[in-house]
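Listed next: structures, encoded as structure tokens.
In the two assemblies presented below, chain A is common to both, partnered first by chain B and then by chain C.
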Partner chain A sequence: MIRRATLLVLSLLIVLVWVFPVAWGLLTSFKTERDVLAYPPQVVFEPTLVNYQDVFVGGASIVPNLVSSLVVSGFTTALTMLFAIPAAYALARLDLPWKRAGGFWVLATQMLPPVGLVIPYFLLLRQVGWTDTYQGLVLVYLTFALPFAIWLLVSYFEEIPREMEEAALLDRAGRLRTLWHVILPQAKGGIAVTIIFVFLNSWNEFLFAVVLGGNTVRPVTVAMFNFISLEQTQWGRLAAAAMVGMAPVIILGLLAQKHIVKGLTVGAVKGGGRR
Partner chain B sequence: MSAASVSLAGIVKRHGAVTALAGIDLEVAPGEFFSLLGPSGSGKTTTLRILAGLERADGGTVRMNGKDITSLDPGERDVAMVFQSYALYPHMTVRENIAFPLRMIGVSKEKISQSVKEAAARVRIEHLLERKPGQLSGGQQQRCALARAIVRKPALFLLDEPLSNLDAKLRVETRVELKRLQRALNVTAVYVTHDQEEALSLSDRLAVFMEGRIVQVGTPEEVFSRPATVEVAGFLGNPPMNLLPARLENGRATVEGVAIQVDALKALGSRDVTLGIRPSAVRLAAAGVPATVTMCEALGEDFFADLTVGDRLVRAKLNGQGRPAEGMRVHIELQTENVHVFDSTTGRRL
Partner chain C sequence: MPAFARRGERRFALALFLPAFLLLVATTTLPLVYLVWSSTQRMDLSMPWMSGFAGLENYAQLGGDARFWSSLWLTFVYTGATVVLQVAIGLGLALLVLQIRFAQGVLRIGAILPIVLAPVVAGLFWRSLVLAPDFGIMDFITRALGLGSYNWLGDPQLALVSVIAIHTWQWTPFAFLVLLASLAALPPDLYEAARLDRAGPWQRFRHITLPMIRPAIVIVVILRMVTALSAFAAIFAATGGGPGSATEILNLYAYRLSFTELNIGYGSAVATVLLFLTLSVAFLLFALRRAR
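Now for the complex of A and B:
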């Protein structure tokens, strides 16, 4: 009983710390510039939608940036899955001589600090004239998303009993139809989790977008930065833009909550990741 | 559906430095129910997987109806398999599971629906077609796996310990049904099991595997009553045959220092042998090999007694001979017709 209570208080505390900035941002987004700067900060105030109006239809509209983000994240996710699924399946199943080394290499790419790669990538993209292009940014995102997705998917594919595939082979399905009819439907949960993680990672990305993007490709994370200038920080608009930019993240997170929890505990219990 | 004949010749399989199969030769006649029996790790499952095409042999040929299928993929062979784990597709309903092999070869929808119904009816799961495998009991899952295997009407039916995940009562019931199904469908079946009772009761013939080799092929009666080697003798029967080392000289067998005249052994000359006696063939008599009763348990009308001969344990199944008291000194009578004699060095039956 005391254990339960302690646990409850502790988790409430963690949630509170986590929720605070989001809640503060939400409040700020409904405040006028004057209310934002009021001291002491006011919790009760007269809400306004003017900030949302500005970031949607005003001169500071972030709608083109939302589209930009959507294009980059969408393509990154689609291409990642296209390559990661067969690669992960191969790593999980086929007896390849370099499998172990390859698997480690895939993971090792995740260990590089992104900051160290910004300049080389910039130089590379400039060389081929792909700075400020969608293909350029998507390509760079792929270098991060692919290893991550492959690594995540391998564990899901390994969970599926080999006999299942052997049964499908005996049923004359062949490798590709086995993958399509038998393996993928069973790894559905894992694939959903991977899609969401990859999409969110590229949606939330800032560093590469700000360096490798430009006026054409300017995702919402970079656009938000425009509200911070030397003379003034437009807190109300910034908060509104942040809320809008966060919306897909939260919606996706809620939709996939069940899968994500299952996905993160995969392999913890025998067969716990499936079904 | 026409039953296929199967033949394996000189099949060799190595896993790295380990030889899993050291030259397997086997002939299975059309329509036969053939078991591969042996302890785990003896190579029986590997043999089945090579038959299915799931594993490639490192040497030898696999033939079906005389046609060389050694290098064909599993799907190109006319075989169906029931796995130990059933390997049902968990995201599909029973109906979809059974239909899958037909869908993959492009059979028309109406034909599939018809065949699925027939196959399901054969194993009496017509009422479960809309369920998912996860909603079925072990026995029902097993039937579903059987239905999926028979729906395509294969020429060869492979079963890898299909009963081992069922409880004891269900296992015996399903065993009978399996045999009936195989007969009704008139299909050749190769059945892998480590359970001798299953093999003995189901098979038309069986092969006993030991350490990657076939040590004996025959009908269940032949294999049981005339085991070809000491290993087979020590593996078959529950409890298995008692094996006693003995010295043979001019028809006199010396067991634990006691010499007994067994005239029928005269022809075998002088050598070291192992005598095998089934527990049910052990007779207590006034004279014979001296033994001590160390334990006795009653099982219905029979008694199982543990006897010590020298420092060897001999299990005896005594029927209608009265219950011996523990610690009692007794004599085991060796009756020629019940004693199996094996060469000590080669392990072969003499």
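Now for the complex of A and C:
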């Protein structure tokens, strides 16, 4: 009994550590600058909405940045799914020539260090005038979104019982129609989870956005730095911007909570029944 | 399956796979070829008149560049320390709560938060709210405990400790979740047999649990290595690679060379080194996949 209680307290402490920075950020977002800088740190204070007001409608509004993030992540996700679903199906289920090599190659592209890509893209996009454009950033985001989505989808496609498609094929349904009418409805859950993760990863991206974005396309991850300057940092506003900017991914993360282990180990664990 | 049907399937499979494949070649492989090419160029945006082919000059320069060697060393320290800490803490935690359903539930939900947070926001939160010297919580705690006040991000050694702590904070939940899942999948009768044989808890762990979850540990280690090797945003937000170059792992060094100092040719050479380092880890992963 005592052992159980100790373990419980210990795990609650760990959760506190995990949650603390975000919880403290939430508190800070309701503080005036004076309360933020108070020492010792204040837990009880008079809450104010002035930071949120500023972040939404004030001079430091991050609404345009939220729009940037939404457009870039939305288009990245749509394009990624369009290309990834057929490719993943071929890798998971069909007699694809050089399947092993192709699979490895997709996996390797997923692991590329982003800094190795951002340098050539900086030079290339400048030449075609695509820096600070949506099409430029979406193109670059495909480099991490597409391989990730392919591998995650492969693991879901492998879970679908083979009998389903064999039956459909015997019925002389075309291969494309089988994919569309039999496989896709079966993989609906996996596709939804993949969409969530691709969107989440795109939303959180920073390095490509800071180097290849600009004044027109400035995702919210980059906009946080608006509140930090050499002279002074507006902590309260920064915290409010971070809360607003991270609300979508926190909600998506909680929605996909049960699938998060799979999403994180994508490619490393052979999917489905073969454990 | 008749031969014509097989041929049909192969053609169909290629038709489905090729668009994504070609898109990936165009968006990743070609830029990387361009990166390797630009690493053989003298390309300094602040001195464009100096541009030209340099051969292996940039790589030769790496040999005598103390900042590069220190950055390579920091990459190893950062990767090694974060991976070991994540696996050790994650595994310990998973073992602790394995028997307690309620605690598992709480930790599973709590684990989501660090993982889904953008690394740049994690870095900013830690920098501003936790590690700030005058009003941060860490300072308050150490002072309250009578340990004195520290400049967590301003002192070179503490800064390195801090960025390692931030990375560990963000990604230990990952190790925990994966290891907990694989621990929970172990057959319980194994332990019954061991208990009947009067094996102590340590022996049970050492001789039963550890060998059974070794594959999961290997996966966690490799995936965490890949993440650590591409870490950028959290360090950028917390220290910017400083003070000086105290937290400047290869990613930060290549970034600063290319986009702060505008010496893109040399920055490309550093990024190329990092590229091959990461690819060797990828090969390791694939060898393991194949082995199973």
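Annotations
The criterion applied here is as follows: the second predicted complex is superposed on the first by the 245 of 275 C-alpha atoms of A that agree within 3 Å, B and C clash if a C-alpha of one lies under 4 Å from a C-alpha of the other, contacts with A are read in each partner's own complex, and residues count from 1 in each chain.
Please note the rule applied: contacts are C-beta pairs under 8 Å (C-beta built on N, C-alpha and C of every residue); 3 or more make two chains touch, one makes a residue touch a chain.
Predicted model only: the values in this text are computed from it and were never measured.
In the superposition on chain A, A:Y89 makes contact with chain C only, while chain B stays out of contact range.
By the document's definition of touching, neither partner reaches A:P64: not chain B, not chain C. When the two complexes are overlaid on their common chain A, residue A:P47 makes contact with neither chain B nor chain C. Counting the residues of chain A touched by each of chain B and chain C gives the higher count for C.
Contacts of A:S11 after superposition on the shared chain: chain C is touched, whereas chain B is not. Look at A:P97: by the touch rule set out above, it reaches chain C but stays clear of chain B.
Residues 275 of chain A lie in contact with chain B in one complex and with chain C in the other.
On the chain A side of its complex with chain C, the touching residues are 4, 7-8, 10-12, 14-15, 17-22, 24-25, 28, 36-41, 83-84, 86-87, 89-91, 94-97, 102, 104-109, 111-124, 139-140, 142-143, 146-147, 150, 175-176, 179, 200, 203-207, 211, 221, 224, 233, 235, 238-239, 242, 245-246, 249-250, 252-254, 257, 260-261, 264-265, 267-270, 275. Across the complex, chain A is touched by residues 6, 8-10, 12-17, 19-21, 23-24, 27-29, 31-32, 34-35, 38, 93, 96-97, 100, 102-103, 106-122, 124-126, 128-130, 134-137, 140, 169, 173-174, 177-178, 181, 185, 219, 222-223, 226, 229-230, 232-233, 236-237, 250-251, 254-255, 258-259, 264, 267-268, 271-272, 274-275, 278-279, 281-283, 285-286, 289, 292 of chain C.
By the touch criterion given at the top, residues 52-54, 73-75, 79-81, 83-85, 87, 89-92, 100-101, 104-105, 134, 148, 152 of chain B touch chain A in their complex.
Looking at the complex, you find that chain A touches chain B at residues 161, 163-164, 166-174, 177, 181-182, 185-186, 188, 274-275.
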